[in-house]
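Okay, got some structures for you below.
Each of the next two complexes has chain A plus one other chain: chain B in the first, chain C in the second.
Now for the complex of A and B:
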């Protein structure tokens, strides 16, 4: 009996799992947040998984996995996929509030040995990236928001630089089934074909994700690739910042950004209409209504917005949007209200 | 029951047996082709569960797991790198080559693509290079760095992992996996699809360009056309007499892109030019040309350039575009359109000719007319049937010998137009209409017909058999537009 008592009393206390699904571009800062949070809350075991933003939400709404916290790189997906879909057998949506957590901007990542790196600047980047001897990364726009946002930048650039050939010069003859830019007057539409493969002679290196392109850039296999500014800084690449009216990162510029739309010629996810309109990049954060551990999830959010959490995000070049803007504010849990007023 | 298709019942007594050729052991029940849901009284407990639907040309073939297992099996190592760099090391998978499966419905060629659909709503399309040649980018299993492919890669529909059936909750009954021989490489996770339940072999979308030639030229490609035909844009649908649903864009929208320099917006389509008159040639690949006049097409939502029929791209002689709509005769519904040409010259030449004639013939010697008379089609004629004294043919010369009038009338679309012709009541008035006749049938050269009450026609002060430069036509103010018949061939009294 004595032995049994000892074993029972000495056994490590079971930690409460906190399942966090987040966008891939948050890997580095959230990894640090996880460590710091677990130090502050030793009874909680953060179990983070990273995916593309749509997949992050689908794991909750279509794969019905028990997830405590969702962070997407596109906050607009939350109303579309979570607010409007009820949890089976209930009248409750998967979410009815979210925090507009952070923003980001697109920029061009390169390295010292990239071709023409001494020449490239905000006025000529599009011309240099169109040169046949320059290897340019493109994250497959069928799968990755960075990919289709990169194409949006080329489309927007035509108006900014008053050159109607920027898009075509970059993409012409690069794919077996072409990506097309359609001029609809006030609106430009980029059409992504169902099968997208580069030609053998292409100077565009298309990969399934920006993670693969980062690896190629580090290896010197690619001269330039588009990335979020936060990711470029986290990896220590050289960065060519894009003007505000191109980088998709500034508030109050959605009118300009919204003149371009990407349409896929196929529907990858049954629940997601494959049309993406240009708009400011804003990350969304929410606790699903059916989260198994909502209290712990709120603790995580409180920590994220604490001075320590904010500092970690700052350090990783991904500062939080402050003051935070809440969508569905009336539904924000009472416990969190004091942080967001 | 997770993978039993809703409402589908495996039926031995119905459907067409598809031969799998050498791919299926003789003792195994062949897949059953079931185009639609089949209702029977067979209970679900008696029904073998199908796990895969293979679709080609709108025909579905269903497979049970046993049928797939009866096909030649391949084994290899499949692992993935997720979009965030997470690596799942290669594991041994066993299944059927996707190319073998596709061979059961004719195989995948360079003209095809194959869409894989999963039970959870995910889908992605593969190219022939991927399916037939294993063209995938590979990554080092340890570092995630891109690496040269080791050996060959094959695309399979796996049903076993580590010698065990797949876990239906974790991977589904079937999982699409890219396998190779090496444990040192993985592929992008996008290509590894869990819960597969449907494969669609489809013809790769064929790109096309149609030349629109007017005040400016615009080679219009498929993507541009499709964008214009989107739900929130200019999409127009017409269902023909056979129930076929044609989808496209009203022709006048497309004309608006090339009738002047302005391609977009409310001012893109030039009504003034259309009213002034020009012709539109729709030229098919074999050179067959249909010519419409601008007034016929003007703001007519029912004259449509279609690119889809029943939701599918046009094929055969209709590819890529066909002119369709209720306001057209069958003869006018030309397919295989490769060029749309606006001819402003015809209108200009007509105007110039009229001007020259006005100069050559002093006003004092000619009937005074505010509008130049339209030159009629010299060899045109039509037949009048159902008369008490038999059938009569009236030529253009016969009509010109009658009381020709120039009128300004109201088109059903609301616009005022100037027309030239012979009043219908005058025409019928000189004919021997049989007693008891009540109806006039107006029939076009392609067989199109429209019926109107005889009494109303006789009472109409402005109804004409008129003409333009090329054809005879009826102008029927106050009647439905369907009675405004183009290329009049027959008037039948009934």
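Now for the complex of A and C:
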């Protein structure tokens, strides 16, 4: 107890903690933002954690952790998992506004030693990635946005390359419980089982989030992995860009992207059934209604949108979406209003 | 005369025992019998427990095969650099386990010195039983080696000498005299190594996220599906391990008294 007391009280100067939970793909720019922010606000201690985008929100809504700022790689998760869910004992939702913060595009990351790296191109990638001797990374679609988005790409590819077997060829026999694609003509539904484990002979390596796959790509454990373009550029990997109608990065293609939907075959969340519809990748940023330090969180957002913050994001190949679009604008805190009008 | 203990010691000791037992009991009582039954019949949990125990068993067997000679050398040999060697044996105890996992990945990964060579033969360590065994073995070896070394050292060296005078070879002396006398310490070292091995998370998860051993499965369920999904698995594992552990301890004791 004495130790605990000392740990909490003997620290030289009390700093206000600012707990930030963000998508793994934001780790590099946000790490720099954190350092610059702390230099400007020496009395605030930013405590950042990075997870898959679904996990980031679950820490707020299901693990009930006190979190000040949430940044998710899929802004659609916020209305779905935070607006609709009330904080226990209140009739307030976990969030009722969010900023559409940035975009991104999906691409394939690889390195010079990746198998068939001299052959791969935008026309044949799906065939090369389905070869049994090629190791491909997949972040867990149950927890991470890259995961379900990668599955969407394989489904959309079937129409674009006019080959109805692309999805199956990549995923068949790779999991102990299969991921299924239900083709309804103009709509495709991907169903994810509750237990998702690769088979022993699988050429797919699955991890909880795409950040873990970066290390495996560096170590040569996987030949290719799907990743956001910003992250590939930050790490200097080789990048195979996907066509616009596949990379989920273009603003005017939601009707095409939207032909595919990912559903979970199980009750994952207490009150909502998550359905992920194909659409342009847009990151979301919000302060949970029950954030312990909302003022500091607003200072962080202000800093992010300051010229210095914008420059850091740009340097990391992840520019902010400007002018920012607000969802639930009526609920945006007064203090932030002047920035986002 | 009865030993008198300082009263403060008794309080301190009781608090510490409570510190160990309380979390174990709370985990038990946080799960219902129904959840527990459901978990027992969960194929993935059963498979994971089997895999975990098997990998721990292989790691311990390899530890015995290579570790007993080393422990014997350390106990009997007198040579320069012996304390350095003992320090090396202890190294895995002080290396953070995630760092150990990364170090092992660099050696046993597809591009590693050993992993790259064996990969040509189709033997891979990442996401495979081999990787699990390597991770468990690395972090738990010191427990077996140190316990065995102490057990060998406690065997009266005169007994070995007289056996040698009676014409027994070095191998015979070890096999017939030293090991039978030291085997309780060796077994207890093996049990602790196995127990430490199966509880390993950090080193294993970096090499092999899947197939999922029980610590990884519990973590995945906690992260992905919440506390209520993780508790029954944790409780079940505690029960199974406590039973096995008690059984093994009892075996070691009864073997000693007979």
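Just so it is clear, the second predicted complex is superposed on the first by the 318 of 341 C-alpha atoms of A that agree within 3 Å, B and C clash if a C-alpha of one lies under 4 Å from a C-alpha of the other, contacts with A are read in each partner's own complex, and residues count from 1 in each chain.
By our rule, a contact is a pair of C-beta atoms (placed from the backbone, for glycine too) under 8 Å apart; a residue touches a chain by one contact, two chains touch by 3 or more.
Fair warning: this is a prediction, and the values are worked out from it, not measured in the lab.
Asks: So if we stack both complexes on chain A, do chain B and chain C clash, or do they fit?
Replies: In the arrangement built by aligning on chain A, the partners chain C and chain B clash.
Asks: Scan A:92 for contacts with chain B and chain C and give back first, second, both or neither.
Replies: Neither partner.
Asks: So, A:208: does it touch chain B (first), chain C (second), both, or neither?
Replies: Both: A:208 reaches chain B and chain C.
Asks: Counting only touches as set out at the top, which of chain B and chain C does A:40 meet: first, second, both, neither?
Replies: A:40: touches no partner chain.
Asks: Between chain B (first) and chain C (second), which does A:124 come into contact with in this model arrangement: first, second, both, or neither?
Replies: In the superposition, A:124 touches no partner, neither chain B nor chain C.
Asks: In the overlay, answer first, second, both or neither for which of chain B and chain C A:221 touches.
Replies: After superposition on chain A, A:221 lies in contact with both partners, chain B and chain C.
Asks: According to the contact criterion defined above, which of chain B and chain C contacts more residues of chain A?
Replies: B
Asks: Give one of first, second, both or neither to describe whether A:198 is in contact with chain B, with chain C, with both, or with none.
Replies: Touch partner of A:198: chain C, not chain B.
Asks: I need the one stretch of chain C that runs into chain B once the two models are overlaid. Options are 1-9, 73-81, 91-99 or 181-189.
Replies: 91-99
Asks: Could you tell me which stretches of chain A are touched by chain B in one complex and by chain C in the other?
Replies: 55, 58, 62-63, 140, 142-143, 195, 197, 207-208, 212, 216, 219, 221, 268
Asks: Taking the touch rule as given, give the residues of chain C at its contact with chain A in the complex, in rising order.
Replies: Those in contact with chain A are residues 44, 105-106, 109-111, 126-128, 209-212, 220, 223-227.
Asks: In the complex formed with chain C, which residues of chain A make contact?
Replies: Against chain C, chain A makes touches at 55, 58, 62-63, 113, 135, 140, 142-143, 195, 197-198, 200, 205-208, 212, 216, 219-221, 268.
Asks: Note which residues of chain B are touching chain A in the complex, please.
Replies: These residues of chain B touch chain A: 81-86, 113, 115, 120-127, 129, 135, 137, 139, 144-146, 188-190, 204-205, 207, 221, 223-224, 226-228, 233, 263-265.
Asks: Which residues of chain A touch chain B in the complex?
Replies: Within the complex, chain A contacts chain B at residues 24, 27, 49-52, 55, 58, 62-63, 140, 142-144, 176-178, 180, 182-186, 189, 191, 193-195, 197, 207-209, 211-212, 215-216, 219, 221, 263, 265-271.
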